[in-house]
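Both of the next two complexes hold chain A, though its partner changes from chain B to chain C.
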Partner chain A sequence: MKKLLLIPYALWMLIFVVFPLLLMAAYSFIDLSGNITLNNYASFFSSNYIQMTLSSFWYAFLITLFTLIVSYPLALALNATKRKTIWLLIIILPTWINLLLKTYAFIGIFGKNGILNDIFAVFNIDEIQLLFSDTAFIIVSVYIFLPFMLLPLFNAISGIDNNLLNAAKDLGATRVQVFSKIILPLTADGIKAGIQVVFIPSLSLFMITRLITGNKVITLGTAIEQQFLTNENWGMGSTIGIFLVIFMLLIMVITSGKSDNRVMKL
Partner chain B sequence: MKTFITLIILPLAIGLLLLVSTNFTDDADSSSNNTIHVYNWGEYIDPELLDKFYEETGIKVIYETFDSNEAMMVKVNQGGTNYDVVFPSEYAVEKMIKDDMLMPIDYEQLNNDDNIDPDIIERLAPGLSDYTVPYFYGTVGILYNEEAVSDLDLTTWNTLWDDDLENDILMIDGAREAIGMSLNSMGQSLNETDRDVLNSAQQKLFELAPNIRGVVGDEISSMMAEDEASLAVVWSGMAKDTMAENENLNYIVPDEGSNLWFDGMAIPKNANNPEGAHRFIDFLLEEEIAATNTEWVGYSTPNEAALAMMDDDTQNDERFYPDEAALDSLEMYRDLGSEMISYYNELFLEFKMKLD
Partner chain C sequence: MKKIANIFLLVSILLLYFPIFYLMFYSFNSAGNMSHFDGFTLNYYKSVLTDSRMLVIILNTIAVALISSSIATLIGLCGALYLYNIKEKSRKMLLAVNNVMIVSPDVIIGASLLILFTLAGMSLGSVSVILAHIAFSVPITVILILPKLYSMNPSLVDAAKDLGADTKTTIIKVIIPYIKPGIIAGFFMALTYSLDDFAVTFFVTGSGFSLLSVEVYSMARRGITLEINAISTIVFVVVFTCVFIYYLISKRQEKLRGRV
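Presenting the complex of A and B:
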């Protein structure tokens, strides 16, 4: 019976995951006129795509880093509040709003005559041009990915047994030691999960790059969109997709290495 | 276990039933001649006209929208829905003819096709009017804030390279438009296929990079309305919409020439109801209908009779209804083939990567 229950999911995976991946792999060997070719792979190693890959990784790294820096203390603070779930809900709430809508809202905030500059004007601060800058891109992305980083961190932190912390304090551990020897190791899995769910999608962001940076930030996502929708070069688009899948698998492997509970070794 | 199975079976059964029932309604609709599927750009028809068409002819319009020629062609090609009327741009019409996706327009079935300005039809690529009837047309030009750039001479594209415009230009996110503008500024054709000339057009675009504030899509409209930049390279239709929102904006097509584009009405080869499609096209060509529609959409109509019905200010507005001489300086995009289009896009992508 249990095996029978697996069938729908296996079918689902087959139709919506395995089959499309195979299709993508097949397309990646086809050129513009429908002939079989390896040229798509060769052109991926041209300077343009290498540069785009590097810039995708760099921005994904920055986004993940800042999301983590913002989320970790937030998760700790949340865990200390009385009504955890309500606070959590408030922070998760924006994920119910469409991504594009949120991005458009930021155009209004960051614009030359946007809300931010209006506020600055009240305090006599010089006008800044945040829209179309890297900084704006990072801010918007961090805002969008924050809940996804926060959830696994919050789960990990709220799962820590208070007795462990108390025991450490009793035995004379300083606050820094409690954090570095107990909290941090016990939340390592949460951090890894958070990094995965943020880093991987941010590698292929594309709409935000156009709306917020005016295409001044070009990522692999932009290139895929252009290959499929403008050039109608499904082969090249698929090839870039294949490389993204490979990059993502690599990241999965790196971040999901054997989890060791170092607390046990203390 | 029993409840478990009911929980699985019940939704499945309901789903199947719904699926089967939609099949019935679809069948009833498309087998008879009282529906047509229309596939158009967003915000590109006065919605009341669809009801009016139903009142007049008893044909129900099932209306869907797309946001790029490429997306439209993919959808028409892959079937699923058999569209009866689509609205491709000129180069897309050319491509669709090459790919054998369109059926010729049967002018016998149209009564109002004489309303179209013959001068516009003459400017189409040869053979295009066999497959399409012009719907709206326009140009590519500069939308500018009169207060901000009052001392600049915008009758030439080369002014865009002026140092005063640092970080102050918004550019439409289109390879043909951007490379084309650079080609125009060099006095070259928009349909250039010589790679050396294209490369030097790209080099010239690189020099424009410091002046570019951003390369964006339809958002340019709201950004210019909010004074985000002093100047933008846009399509005339978008310019007109935006000018209605911000009084300080004006539109100009530089003298070196630019692109003349049009969107046409066409009938895909796999249309279910070609007769209904012809009636719909004829309906939109009718002068009063076309005039109402033009007022709603705001783009330039090729429909002479409809234009004659509109107010003098619209008729005499040379920014949107250029005279003979101005039209002569403009050029339509030709379909350059997918290889060349890819090259244009590659050059444009490299330009975007140079932006900082």
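Presenting the complex of A and C:
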């Protein structure tokens, strides 16, 4: 019986997870005409690709940082409300709207005649073209990832025993001390889980870069999509993919915590 | 301090919903753009609902989500039961593989499956999309079912065996009823991932078969079309209604449980 249970799951994981990744690794050694080569790796270490990788990391870093800066206080505020579940549900609800639709909304908001410039006009601020800029890319990404960062943070914060906070206050700790000595260390795992669910997808975004920045920002994901679907250079695409997987594993190791908050909890 | 926290919460929620309501508002704009509201019209809803191609795409999206999450939940259930029964060392290793799949970026899943399907000589279309959706849903269902198995008292299984039940009966009559909430949660999470997916589908779909997100992407690349706004409004209303019903049901169950 045990064996019988194993078969569907193991077969599935082998055929659709392990095997495709191995194929991708194999393809990274094949050039456009089908010969075995190391050239893809050589071009990945050329200045163009190194620059692209660094800028992709820089954007992912900024997106993760800003998402954390917004979600942490939000998680604290959420935890202080009386009806936590309802408020949490309200914040999570937009994640059920396909992210394509939400990204599309920003084309209208950030456009030259969009509502943002209308608001600016009221305050006599000069019209700006936010669409097709990297600032717009960061804002939209933060907007998309916010709920995913919020969930592990909220889980960590709501798990803190209130007696600990009261004890600290009784013993004369200031607000800042309570935060830095108790709340922050106790939510470290939540922060790590949050960073993980935002940083890795940020490296691989390609849809937002295309729609919002008009190809100005190129992430690792954009490059892979371009090599696979536009240039039809699967070898180079696979090479970038292999590096993306390596980066992902490194980030997972760095941010691995004890608790597992990675999957959304309803 | 409490006041500031509440204001911050409210402002954040307003900002989170602003783009969605912005889309919904302009879906009624007769001027055909997202900047100046001219007059009220339902034309974009009419053109979405009478466009048979669009209706097929919407049905495809729902069908793919339902089929892939059902199959994924079945496979995930087998996987969770298997992982529950093996030694801790091998379980940890298999769970690590499982987690890699959950965290791995959409482009990697999409690109690697594109290679697989092409080498296998499969034509890209409905089958490849459903297989891909099952592929990224299985690990999620495993992760949601497994904790439920651990919260089960092992003596339940022992008791069933002592009373003469074979493994199959134990699983069907004892274990599955107990872990049902986990199975349902896994199914709905798979459904969510499937409905929300864009990147994986974008890689593995062919010219004849499209899902809503891929269709919206190609429409949005051509610029603003208020049909997308109308679709967003419909999607939002459906999602909101489902979540509201879910909330009411869970509230009622809580009350019932409270009484017992």
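Assume the second predicted complex is superposed on the first by the 243 of 266 C-alpha atoms of A that agree within 3 Å, B and C clash if a C-alpha of one lies under 4 Å from a C-alpha of the other, contacts with A are read in each partner's own complex, and residues count from 1 in each chain.
Everything that follows uses one rule, which is that a contact is a pair of C-beta atoms (placed from the backbone, for glycine too) under 8 Å apart; a residue touches a chain by one contact, two chains touch by 3 or more.
Nothing here was measured: the structure is a model prediction, and the numbers come from that model.
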Do chain B and chain C fit side by side on chain A in the superposed arrangement, or is it a clash?
clash
Classify the contacts of A:Asn113 with the two partner chains as first (chain B alone), second (chain C alone), both, or neither.
both
Does chain B (first) or chain C (second) touch A:Gln196, or do both, or does neither?
second
Just to be sure I read the superposition right, which of the two partners does A:Gln51 touch: chain B = first, chain C = second, or both, or neither?
first
First (chain B), second (chain C), both or neither touched by A:Ile218
first
Answer with first, second, both or neither: which of chain B and chain C does A:Leu32 touch in the superposed model?
first
Answer with first, second, both or neither: which of chain B and chain C does A:Leu131 touch in the superposed model?
first
By the touch definition at the top of the document, which applies to A:Leu76: first (chain B), second (chain C), both, or neither?
second
With both complexes overlaid on chain A, does A:Leu229 touch chain B (first), chain C (second), both or neither?
both
Which one hits more chain A residues, chain B or chain C?
C
Given the options 81-89, 99-107, 171-179 or 189-197, the segment of chain C that clashes with chain B spans residues 171-179
Chain B/chain C common contact set on chain A
104, 107, 111, 113-114, 210-211, 229
Touch list for chain B against partner chain A, complex
68, 70-71, 74, 167, 170, 173, 175, 212-217, 219, 222-223, 226-229, 338-339, 341-342, 345-346, 349-350, 352-353, 355-356
Contacts from chain A onto chain B in the complex sit at residues 32-33, 48, 51-52, 104, 107, 111-114, 129, 131-132, 210-211, 213-216, 218, 222-223, 226, 229-233
Residue set of chain A touching chain C in the complex reads 1-2, 5-10, 12-13, 15-21, 23-24, 27, 70, 73-74, 76-78, 80-81, 87, 89-91, 93-109, 111, 113-115, 118, 143, 146-147, 196-197, 200-201, 203-204, 206-207, 210-211, 221, 224-225, 228-229, 234, 237-238, 241, 244-245, 248-249, 252, 260, 262-264, 266
Would you tell me which residues of chain C are touching chain A in their complex?
2, 5-6, 8-9, 12-13, 15-17, 19-20, 22-23, 26, 33-36, 74-76, 78-79, 81-82, 85-86, 97-109, 111-116, 119, 131, 134-135, 138-140, 142-144, 167-168, 171, 185, 188-189, 192, 195-196, 198-199, 202-203, 212-213, 216-217, 220-221, 224, 228, 231-232, 235-236, 239-240, 243, 247
